[in-house]
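Sharing a structure below in structure tokens format, with a few things to ask.
The first chain written gets the first letter, and so on, giving A, B, C and D; residue counts start at 1 in each chain.
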Amino acid sequence: MEITAVYYLIPALIMFCCGVYGFITRKNMIAMLISLELMLNAVDINFVVFNRFLYPEQMEGMFFTLFAIAIAAAETALAIAIIINIFRAAKNIDVRSLNEMKF
Amino acid sequence: MFSNILIYFVIIPLLMLAGTGLCRGVRGIRAVAVTGSIALIALSVYLLVDYIGLRAAGDSAPMLYTDSWMWFEPLNIHLAVGVDGISIAMLLLSSIILFTGSFASWNIPQPKEFFLWLILLSTGVFGFFISIDLFTMFMFYEVALIPMYLLIGVWGSGRKNYSAMKLTLMLMGGSAFLMLGLIGIYYHSAPAGHELTWNLLEIAAYDAVPHGWQSFLFPMTFVGFGVLGAMFPFHTWSPDGHASAPTAVSMLHAGVLMKLGGYGCFRVAIYLMPWAAQELAWIFLILTGTSVVYGAFCACVKTDLKYINAYSSVSHCGLVLFAILMLNTTAMTGAIMQMLSHGLMTALFFALIGMIYGRTHTREITQMGGMMQILPYLSVCYVIAGFASLGLPGLSGFVAEMTIFVGSFQAGMADYLGGEGSLRLVFTIIACCSIVITAVYILRVVGKLLLGPVYDDHHRSLTDATWWERLSTATLIIAVAAIGCFPNFFSNLIKTTFTPEIFTVLGM
Amino acid sequence: MDYSQFLAMKQEIALLVVFLLVFLYDTFMPKSTQKALPAFSIILMLLATAAGFCSHCLGSDTTVVAFAGMYETSAVIAAIKGILNIGVVIVLLQSIKWANGESMLMRRGEFYELLLVTLFGMYLMISARHFLVFIIGLESASLPLAAMVALDKNRYESHEAAVKYILTAVFSSAVFMMGLSFVYGLTGSLYFENIYFALTNQLNMLLVIAIAFVISGIGFKLSLVPFHLWTADVYQGAPTSVTSYLSVISKGAAAFAFLVILAQVFGPVYSKVWEWMLYALIILTITVGNLFAIRQRNMKRFLAFSSVSQAGYIMLGVIAMNAMGMAAMMYYILVYIFSNLAAFGVIGAIENATGKVSMDDYRGLYKTNPRLSVAMMLAMFSLAGIPPFAGFFSKFFIFTGAINQGSVAIYVLVLIALINTIISLYYYLLVVKAMFISEEECVIGWFRSSFSERLGLWITVGGILLLGLVSCVYSSLLNLAEVSPMNMYFMS
Amino acid sequence: MEMTIPVLILAIPLFMFLFLGLLGMKMSHKLAGTLGTLGMGTILVLSYYTAFQYFFSGAPEFINAAGERLQYLVFDQTWLQFTEKLVIKVGFFLDPISAMMLVVITTISFMVHLYSMGYMRDHHGVYEHGFQRFYAFLSLFSFSMLGLVVAPNIFQTYIFWELVGASSYLLIGFYYTKPSAVSASKKAFIVTRFADLGFLIGILVLSYYGGTFNFAELTSAPVEGLAGVSQVSLGTAEGIKAMFTNSAAPVFMGASVLTWALVLIFMGCMGKSAMMPLHIWLPDAMEGPTPVSALIHAATMVVAGVYLVARLFPLYLMETAALDIITVVGALTAFYAAMVACVQVDIKRVLAFSTISQIAFMMVSLGVARPEFHEGLGYMASMFHLFTHAMFKALLFLGAGALIHAIGSNDYTAMHGLRKYMPITHWTFLIGCLAIAGIIPFSGFFSKDEILSSCLGYSWVAYLWMSLVAGMTAFYMFRLYYLIFWWKEHETPEGHHAPHDQPWTMSLPLIFLAAVSCVAGFIPFGELVSWNGHPYDFMAHFDWSVAAVSLCVAVAAIVLATVMYRKENPLPSKMRNALPALWTWCYHRFYWDELYMFITHSIIFRSVCRPLAWFDRHIIDGTMDAFATVTNKVSEAIKPLQSGQIQMYVWYYLIGALALGVVTILCLL
């Protein structure tokens, strides 16, 4: 059995969907962050796979992935910091309690 | 730029704005308003005389004093000015009403703000009438609309918030359609190979708007202006708006601003899209013809003076649009005369209503009576205004209405005999009926309000008109009588617009 | 490597220099001089802006493509960056009082540094011709904003807004990048130009989904409906200066970048795919934004929804896909910057002085603070598109530009947009009504706003009054747009 | 002829109106009244001079070699130009009937001006409030009426037609504090306005086909060699008719368009001349001061309708259907009004209905006139009757005014037996009654007889019918006479002076008019006025058998009235009880007013205006408001979208993005 791009892409897609599902259903903001990471990583996989299987002559996808990982890290760091702030202020990190401002 | 006389119609109001802004006391503000409006009257009279002189000398260009200064070059937008008989009549009307309006708001609270807005409004009005560039025309049009909101909102009475908002939104709604129509016209203004233009005269000369587009753009522009012209069923801002507006604002609005509608319908919708004006006239004939009797019928049962007058305006302005759609010289001349006449007499009405309201603090005719004994001057003026409105010969209403009826009947018969249906004819007859209904509601008000025994004994202590009120009303009455007694002067002035060029443009 | 390529990045470099100087000042200057930091940064920004204009006047901002086609600059791009710079200067001017206030004592520098970084990100977004550069720009324009939103440490809303912003922003960039990965998979390149040529004869479902994702990603920054839901909450929660920055600069940059991406990347599938998507988005954005704005009582939230609907109007310039539309869009952004900043200037001044942000508190404001009320009124009129204020011209030109596209559908779209202006006029007038017409006693007493606030308001009000009437602004933008390299892509 | 005098005839009253209207309040009552009367006197002299010139100078523009009277356009000035051909000109048109009308109007008007100097003040000599205004309005009326009769084109007629309507409105409503006067004036204006609508449409039709407003071009042919001179010509009228019949649509709804035009114009005449069913305003118009009733509502304005039909008579001859309509309407009105007049209590109402009835006589006379019968005797008779009626009816009204002035009531029940107290009034009133009853040698006898003769020429039914009405006229007039002056002795209420005759200003007009009524019948009217200007000796056409019959009828009617009303007796109430239904209907004027009330109030006002106003406020305005309400509702409804929950935001985001893609894909497929 030859491993084709699809074998990577489908798990990536599933990963992305899991991420979305997690993001939408988790109460805990940290869990949501983890879901976001899943989504971003799914994107990374896509880029790498496309590069490796479809356009192996160039490295654009790979480089993009590298940058994306860095960006993801930055996002997480920032998000964690803000969540900590929230925790200090509200003593919980339940995303559903964040509805002071609405309508 | 400053060598063109027309530009001063905008510059003087702008100077008045500056003057009002700099003035400290109420006397200064009054002085600025009165001086400025006298200057405007003088300017328009001078223009009138000069214009007639030029025409007499054989100048047959569609517009005189034309000038054009590039503004937004890439879009070919100019500040283009020019006038013909119609515009001059309108300029004269506007300056008279601004003058009388200033007197009618002699003792207004917060005079500075009031006059700033009022003058801004008139800047828009004057700018509109002198412009022949669609863009600048539209800009001035909207400039004239928006001050209404604050003028009614701050200085109004009754349900002023509601009315001000309704009026502004409906009028701006109309101008939304209008804007689309104007942009559409621009993109079809010139045949292939020529530069697109906003200039009315050029567009009319090219006559290049494709028929398919005309049938889309004509309703857009006609409805757009028609809303301001109180065309049924877009007239409902008028009763509420007028009822809540302060005196001078009602005067200016009914007297001048509503004329922008009729003027625009003629100048833009019909002038630029003659084909659609022929083909689609029937829709608007039905609407405007309905306005004429509908407004009159509604006025018959209202008890609030301003409502009555507002509905009467619906009826009279309906007649303006109705006549414009007849597409013949006589009816169109009549329409413009009706604009003049209605402008003056409705301003007179609103001035009087404001003065009566200022004394009795009610506008309900059921709460008043026998004013003739208490306020003889105002009452006599009211009767004169009423007679003008119901079309008594010797006052302006009669000549305008008769010109319209004769013209419309000609158009109607031409259609009927030409086998093109009898819509025009039928609606002409229906419109004629308004002379009876008008008499009914005018005399009803006169009977209830002015004649008969005094209703409320508290009213006995009221004092008659002050000198500024007398000046304001007398000016208007003189103007109304002048048109009524020497109609041919005005009729000829307006007819100068219908030069041979315009006939070819309109295909008449 | 040819280092002279960096010369193409004059504006970015100038901005970096400003950033570094501000950073150094903040870090190393003694505490006693810190109060001058805002003024210092404003002067530096002014210099950078002036430098940009000077280079424009010297004619040196010709079209340059650098870094193997990853970066491009041209006169139009320099102009939009200049416009953003002007906006930033005004924002900074208006934020001085807040930045020098008690609560910001420890974090004054951070505001400036983060702001400059985001601006740098926006520059990159605008100039990027490769998606890697674009994504770096996008992220550096949005991540620091989260920190800025959270700057007001003492207010809970500020944190809540920050969380909402960062989580949705990351989500949206994940979706955006997913879309990008599809595009990459389909075309094999992340260069705009390559993708453009690869797409000329390609159309499949994946591409459509990819485009939808990409649009949603940028739509998020622009707060197009339905990607706008963060907007109101974040605008409300963020410090007012940050809100005003978010609402004008960030939006303006995103709008231009959006145009670049749609034209230069997805141009070939314009009429097939994204034209209709934009139709739907524009109608939704304008309408929903308006409908929400009607009910708002909090001024910042109110302006948030107003800015949502304004974004829809800005998009009319994109959908036109022609030079006129582009020029109109840039002009719209410029006017919008001035109008919105005038409004935020008033809100900020009142908030700084009294802490009130509710429209109900504005009742009768004219009696106590006539000048502020007039400024606010002019801002509202300009936003609503009332002549002779600049907003009228920008609206008129953007409609003219859109209709230049010529299809019947665009007439319908413009008609819908025009009808929506009535709704928008309604809620703008509500503010005017509260200030001028309401007869209640005003809860906001008379106060004297600071010099910087007044200066900011004078500048914005001056802009509102002059930008339209002085025709050279729009004309020169249109002239620039007509010679910009982007025209090549419009032709299709 | 010089232009100066005609111009002055129009200009002086207009000037007097403006002068008295603007400055009257600043001057004393006496001065204003004197000025007004003097002004009117001047016009009287000028008009007499003009008429005299016209009839007797023999100038070539007035009369041709064959002795035929011509029409002369003294001047005209463009007032408003509609189209090339349709031009309203204000001018002065002299022909037999306008010259006659000048005399009638100025005579009566001057008498009324003079009379009012006495009438419009109470017994202590205090002038009534608004005395100056009264004279201003009288001047306005005189101006309008003169303008109407000298109009050279139909549009000028219409203009002044409206103006007389307005002055009538102002004068009926002179006592504006009295609600009944206010409503009467309103009614008069609106009813005539309604009729004028028909007139206006008629003008529009006529002028569209005919291509002109000018009477001279509609009914006359120009006389060679004399500018402004024309002669009545059936040929021209036939030419106009040809324009109608040659058009694309000569027939409308079964009648020729010309008939329609003429009938519509006649509708205007019906309004002004109070023909049934548009007569209802005239009895109410008696709310005005009595001199006004004499001037406007008896002698001058109300005959404008007759005058207009006479003016267009050659055109009417083209469509005899229209003339038949006029005859029928006139005959019915005459009878109806006579019936009603027999039972009225208010003396002015009796006179009002008598006026309606007499005008109907004139209408009938025009309707039955044909050139082939006695050279169009009916036309001449109509004009003659117009003239004599103006004199004796003004006399009667002024007499009634004197009575009312003396008694302070309009009701004959307050009078009775006044003959001893007010001899001058008594005798002049009697002369008036004899004249209207048609007793030889008073003027009414001659004119009425010619009307009956021409009716006989038309049909014997018309003759019998009109003779009956003539008899009724004599009856109700003498009923009135006896009830006022005889019946029983007068009882002066406590605290009142006994009634006495009036001052000279009031007596003089009475005596003068009585004298005219005595002798006017001997004027050789046929020499002066005929439909085509061709003079004839009408005595040649005088049918003595008709005269004898009518005289007998009149005498019989007077005898009957004498029997019933000379002395107080139960006969009248017996009569009344014998025919209670008829009496009630007559007394209530056949419920016309109630019918109108029902139509205007219940149908137009309540079923049209109210619903329309409701419709406007609730449906049209409601729709406009609904836009706002719906917008607000929708805004409220989509509120949950912005729930404040990040996860929901993201969910909508995702749905939005996917929907965007999926819908596009579906569309592409």
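Everything below uses one rule, namely that a residue touches a chain if its C-beta (ideal position, glycine included) is under 8 Å from a C-beta of that chain, and two chains touch if they have at least 3 such contacts.
Every value quoted in this text rests on a predicted model; they were computed, and no experiment measured them.
Q: Applying the document's contact definition, name the chain pair with more C-beta pairs in contact, A-D or C-D.
A: Answer by contact count: C-D.
Q: Between subunit A and subunit B, what is the gap in Å from one C-alpha centre to the other?
A: 65
Q: Counting in whole Å, what is the centre-to-centre distance of subunit A and subunit D, each centre being its mean C-alpha position?
A: One centre to the other, that is 96 Å.
Q: Once you find the CA centre of subunit C and the CA centre of subunit D, what distance in Å lies between them?
A: Roughly 77 Å, centre to centre.
Q: Could you give the separation in Å between the centres of subunit B and subunit C, each centre being the mean of its C-alpha atoms?
A: Distance between chain centres, rounded to whole Å: 42 Å.
Q: Identify all positions of subunit B at which a residue touches two or more other chains, and write them in rising order.
A: Subunit B, residues with two or more chain partners: 169.
Q: I need the residues of subunit D touching at least two other chains; which ones are they?
A: 628, 639, 642, 644, 646, 650, 654
Q: Touching at least two other chains at once: which residues of subunit C meet that condition?
A: Residue numbers touching two or more other chains: 163-164, 167, 171, 175, 232-233, 295, 426.
Q: Can you give me every chain pair that touches, using the contact definition above?
A: A-C, A-D, B-C, B-D, C-D
Q: Which of the residues in subunit D come into contact with subunit B in the complex?
A: 78-83, 86, 88, 155, 159-160, 162-163, 166, 169, 173, 176-179, 182-183, 186, 189-190, 193-194, 196-197, 200-201, 204-205, 207-208, 247-249, 605, 608-610, 612-613, 616, 620-621, 623-625, 628
Q: Looking at the complex, which residues from subunit C come into contact with subunit A?
A: Those residues of subunit C that touch subunit A are 131-132, 135-136, 139, 143, 146-147, 150, 153, 156-157, 159-164, 166-167, 170-171, 173-175, 177-178, 180-182, 184-185, 188-190, 232-233, 236-237, 295, 301.
Q: Residue numbers of subunit B touching subunit C in their complex, please.
A: Within the complex, subunit B touches subunit C at residues 71-75, 77, 135, 138-140, 142-143, 146, 149-150, 153-154, 160-161, 164-165, 168-169, 172-173, 176-177, 179-180, 183-184, 186-187, 216.
Q: Over in the complex, which subunit A residues touch subunit D? Could you list them?
A: 20, 23-25, 95-96, 98-103
Q: Name, in rising order, each residue of subunit B that touches subunit D in their complex.
A: 166, 169-170, 232-233, 235-237, 240, 294, 297-298, 300-302, 329-330, 370, 372-373, 387, 390-394, 398-399, 402-403, 405-407, 409-410, 413, 416-419, 428-429, 432-433, 435-436, 439-440, 443-444, 447, 450-453, 487-488, 491-492
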